[in-house]
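In structure tokens below, several structures.
Two complexes follow with chain A in common, the first pairing it with chain B and the second with chain C.
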Partner chain A sequence: MLDGRGSIKRRLGARLWLSGTWLGVMALLALFAPLISPHDPLAQDLFAGRLPPFWASGSDPAYLLGTDSLGRDVLSRLIHGARIAFSVALIAGLATAIVGSLLGLLAGYMRGWVDVVISRLVDIWMAFPPVLFAILLIAVLGTGLTSIIIAIIVIDWTRFCRVVRAEAMNQSAMDYVSSAIVAGRPRRDILWREILPNVLPTIVALSTLEMGIAVIVEAILSFVNLSISTDAPTWGGMIAEGRTSIYQAWWVLAFPLAVLFLTVLSFSQFGEGLKDRFDPVLR
Partner chain B sequence: MSAFLTVNNLSAALHGYDQRVLRSVSFSIDTGEVLGLVGESGAGKSMIGKAILGILPSAISIIEGEILLDGQDLQKLKPADRRRMIGATAALIPQDPLTALNPSRRIEPQITNRLVDILGWSKADARVRALELLNEVHIDNPERVMGSYPHELSGGMRQRVLIASAFAANPKLVIADEPTTALDVTVQKQILRLIRELQERHSTAMVFVTHDLGVVSKVCQRLSVLYGGKIVENSSVPDFFAGPKHAYSRALLAATPKYTDPDASLLPVDEAVIEAVAAEVLASDKEWRHGG
Partner chain C sequence: MKLLRAILLRLATMSVTLIGAAVVVFFVIRVVPGNPIAMMLPPGASEEDIARLTAHYGLDKTIFEQFWIWLTGVFHGDFGTSISLRQPVMPLVLSRLPATLELAIFALVIAVMIGGAMALTGVRHRETRTETAIDVANGVGLSIPDFLWALILIVLFGVLMPVFHISGRISPSLDLPFVTQFYVFESIARLRFDLWWDLLKHMFMPALALAIPLAAIISQLLKQSLKETMHLDYVTLSRTKGYSENHVILSEALPNAVLPTLTLIGVQFTFLIGGTVIIERLFSYEGLGNMAIDAVINRDLPLIQGIVIVFALLFTIINLVVDMTYALLNPRLRHA
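Now for the complex of A and B:
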């Protein structure tokens, strides 16, 4: 007999599978970019400009996904772009998760003045428009990969802080926390060993979501030319360049856009899938 | 010999409100004695247990009175010492076995944590003790249960685990907060017998919070009837069932089904009685304000 639970489980599996595969492939491409990419992503060939992708007439099999107006290979640039996108996603995503969750846990568990200080800070922080905030920060820090990562952490820690604080408060009210207090266990111990494990699935789901957001922020900043040097192969930069020649060479815009879209979607789906897997009650 | 636990004139209130939720509560328990706290929902039964153990919700605090545990005034101890003292001598059997075990940890550490961290046992000793305890609460395959997560166990099993965990460190005082309310009737009886068995074997002092007078008659030697956070009657169990003194207690008893006469009609608590007891509680408030 097939029960409802069984079919739900299968669907969760497919979600985790598809998003995981896409992210895995992209991560491998990013990791081995110099070995895999068929051309130098920066090499220009003005005689081979705006070549269409392999299935269209007039294409060159050496350039599978075509070339941009300067004759640079779109596929190679995409692969090298993955490298930049994934370093930003992983480093910024994890660092944001750690900073935000730590403050959120403290606020939700300690309450009192700690909670007041952290919560007010979050309120003030969230009143800034994030993109303007990012541009302002980059203007101060200067362009470059490190600045982007710092900007993402500084802006997005509030996202974690709010959710984790609420979740920590929720867990603190549970009977098992009371039991631990009655057992005389130290407060620190209760936070790390009783509450954190129950907040972790939420943190994991948020982290992958944050990685997707980091990819988007990097693309936005590249789009407005505030990321790394202008000819560096970033997905946002490619979209910005492709936009100017969309009628002559749609593929320069379409491929990075599709890859960006699928990657961000995969990150969020992967997180949801992981959360369901981790949750001891749903498991 | 003085009582093991004495609660004197204990009052608690919500922050920012004039109303007390516990109104000058006093009682005492000797070693090996079981005191029943009975009353309707919201009468403050659980609140008393929480006040003793120091786990009141953050919005409620004790405003006066003393709690003497083994001769020590808990209110006068520093918070850390107080927690240590309670951790070493008291334990809680909570109301809802569904939320009282941490869902993301296995059973074993949830029983042994207190032994290892607070009492300094070795991990191996604590494990042996935990297995012994699970045997004591009549769990058939303790090895398997120790490695399980709470959601893999039934409600009755979880309550057994919680009872085992409560008696792990040989507590001198156990507060049972409606330990059978969340269980179905067939399991209730077993769990009650189990609690009684362990309590007698370890001659533990116990506060048994319940709204079920039938349970009180089986488990307790004495009982206190609460209304609106105030004790309206202290009595020994035989005296109480022979004939309660307070009108509210009488009405409460008349509203309880009798095992001896299941066909007898149940009387809802009369409104006049409720008005009278409410007036009495408010009058005591007035007196308290003038006194304080």
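Now for the complex of A and C:
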């Protein structure tokens, strides 16, 4: 039994460590993109269009991961794309977490009509296909980074709200809350000092998950041509471009797809790893 | 009596949700910049023509008047006229809905088969490397959304190993004898297995992309509840009676472990249907979701409203059915 728990612990540690490393490297690339990237991500070289990656014949060592149909360097676009992806992930992920958790805490702790109103809103929100909702909102807000972030908050707050509400209701029923009430502590104090700290691990895990989702939403919007602008180097935009020339130049799609895959996987595994680390039973 | 009251209560909350959804969509899409009438007319159209058509579609009235007209129409089964396609909305939506439903149901079947098989294998070989491998696969399947799976499948099986079609619903060269839009069902009914096979070859990749995340969820939850059931006394008893491990898992543990998974599948099925919107776009599959994206791009307000309401209705009906099935299957609730 002890042995089994030890191996689980080791596996969890490796998961946290691996995903954390990938996210760290990507964050550094995003931060220092202009210093690291070998080319200007927007510079076109029409005579060097669709060059294959370095190991294939006909490649140019100046373009390690090849070029797209307009002769733009895939590697440089990937590095600069990390900037946009991580900005969206951090800002949208945190903002969604704050809005959703706040409403969830209120609904779960206050109960009564507050809970009824918020829960009904969640029900209404859940009746929309999220991708369609996102596209509609971008049509309203116009394209651009701010619109994408607002759209993600407006759509995904329910994800936090539902979980945090249930969690806050569980915590409210616990003895330590009753004793805080008996001790005459004000309600607001109980909410912030007693319930919130106990719900926080869940919120943290959901937040990193949400960051991965935010990156995907940006990619989906780029794909239907509603993201930032068509030549801005976003991973989703690169994927959309690569999808059209998939038979001529598979690498234009494959590299951003691989990076997006690993990033989204890392965000979710990092969140799961953190949650388990906070979990007193496993610890 | 109690059950009847519960159902009536559910129907009441359902209609509140639906009306709420209608209100939200109606007002959100009317904030969309861009005049849909100007978009449907040729560039040289006169101001007068634009004004006349705007009045024709009722877009010159106040937003509340428009909502009232639309809502009374809906109660008479009239969802208005599509601006970009110039046809009544409901027939348009109904002509595309079957394609989406077939895709979603096919995806659900794939998810249940893969997820169920993985869960049973994981329990049969529990505490071994096989179970670890299944756990890792579940983790990856859960973390990556359908959109990315679709792209990966396109690269792997559309380009590197072209076995399946990656575009459309059916080969355009085929003669279609269909009178309904339920092509898969009708091709079976007509014993046209050539058409049926062509349809499946087109549907397989989008359906698999939709199925992978759900399969991972099913596999994870079913395996967990099976493992819990395996420790119960009645399972130990049947094992001491000399039944084989396979028999114990399939006939004794499974029937009791399956209930939580069934409820979860119901909720997740609505998420899967929501996923069809972008997946249909990726695979140029002519379903409702693909039509919805076009409607937004064309600012076709009546069509967007119609599609969103149909999706919302579908989701609430599925949730209702899930809850009722749960009540029927769960003896504790049935006799409550």
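Throughout what follows, the second predicted complex is superposed on the first by the 279 of 283 C-alpha atoms of A that agree within 3 Å, B and C clash if a C-alpha of one lies under 4 Å from a C-alpha of the other, contacts with A are read in each partner's own complex, and residues count from 1 in each chain.
Simple rule for what comes next: a contact is a pair of C-beta atoms (placed from the backbone, for glycine too) under 8 Å apart; a residue touches a chain by one contact, two chains touch by 3 or more.
The shown structure was predicted, so the numbers you read here are calculated from the model rather than taken from an experiment.
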Exercise. Could you classify chain B and chain C on chain A, in the superposed arrangement, as clash or fit?
Key: fit
Quiz item: Looking at the overlay, what does A:R111 touch: chain B (first), chain C (second), both, or neither?
Solution: first
Quiz prompt | Contacts of A:A139 with chain B and chain C, given as first, second, both or neither | solution = second
Quiz item: Can A:D189 be said to touch chain B (first), chain C (second), both, or neither?
Solution: first
Exercise. In the overlay, answer first, second, both or neither for which of chain B and chain C A:S268 touches.
Key: second
Quiz item: chain B or chain C: which reaches more residues on chain A?
Solution: C
Quiz item: When the two structures are overlaid on chain A, which partner does A:R120 contact: first (chain B), second (chain C), both, or neither?
Solution: second
Quiz prompt | Following superposition on chain A: angle at chain A, chain B versus chain C, Cα, nearest 10° | solution = 90
Quiz item: Counting only touches as set out at the top, which of chain B and chain C does A:L28 meet: first, second, both, neither?
Solution: neither
Quiz item: Taking the superposition as given, does A:A14 touch the first partner, chain B, the second, chain C, both, or neither?
Solution: neither
Self-check item: Lowest inter-chain C-alpha distance for chain C and chain B in the superposed arrangement, angstrom
Solution: 14
Exercise. Identify the overlap between the chain B-contacting and the chain C-contacting residues of chain A.
Key: none
Quiz item: Residues of chain B touching chain A in their complex?
Solution: 50, 53-55, 57-58, 83-84, 86-88, 90-92, 94-96, 99-105, 110, 113-114, 117-118, 149, 151, 162, 165
Quiz item: In the complex of these two chains, what residues of chain C are touching chain A?
Solution: 13, 16-18, 20-21, 24-25, 28-29, 31-34, 127, 139-140, 142-145, 147-148, 151-152, 154-155, 158-160, 270, 273-278, 281-282, 289, 292-293, 296-297, 299, 304, 307-308, 311-312, 315-316
Self-check item: chain B-touching residues of chain A, taken from the complex the two chains share
Solution: 111, 173-176, 178-186, 189, 193-194, 197-198, 200, 280-281
Quiz prompt | Parts of chain A lying in touch with chain C, wherever the complex brings them together | solution = 4, 120-121, 123-124, 126-132, 135-137, 139-140, 142, 212-213, 216, 219-220, 223-224, 239, 243, 246-247, 250, 253-254, 257, 260-261, 264-265, 267-269, 272
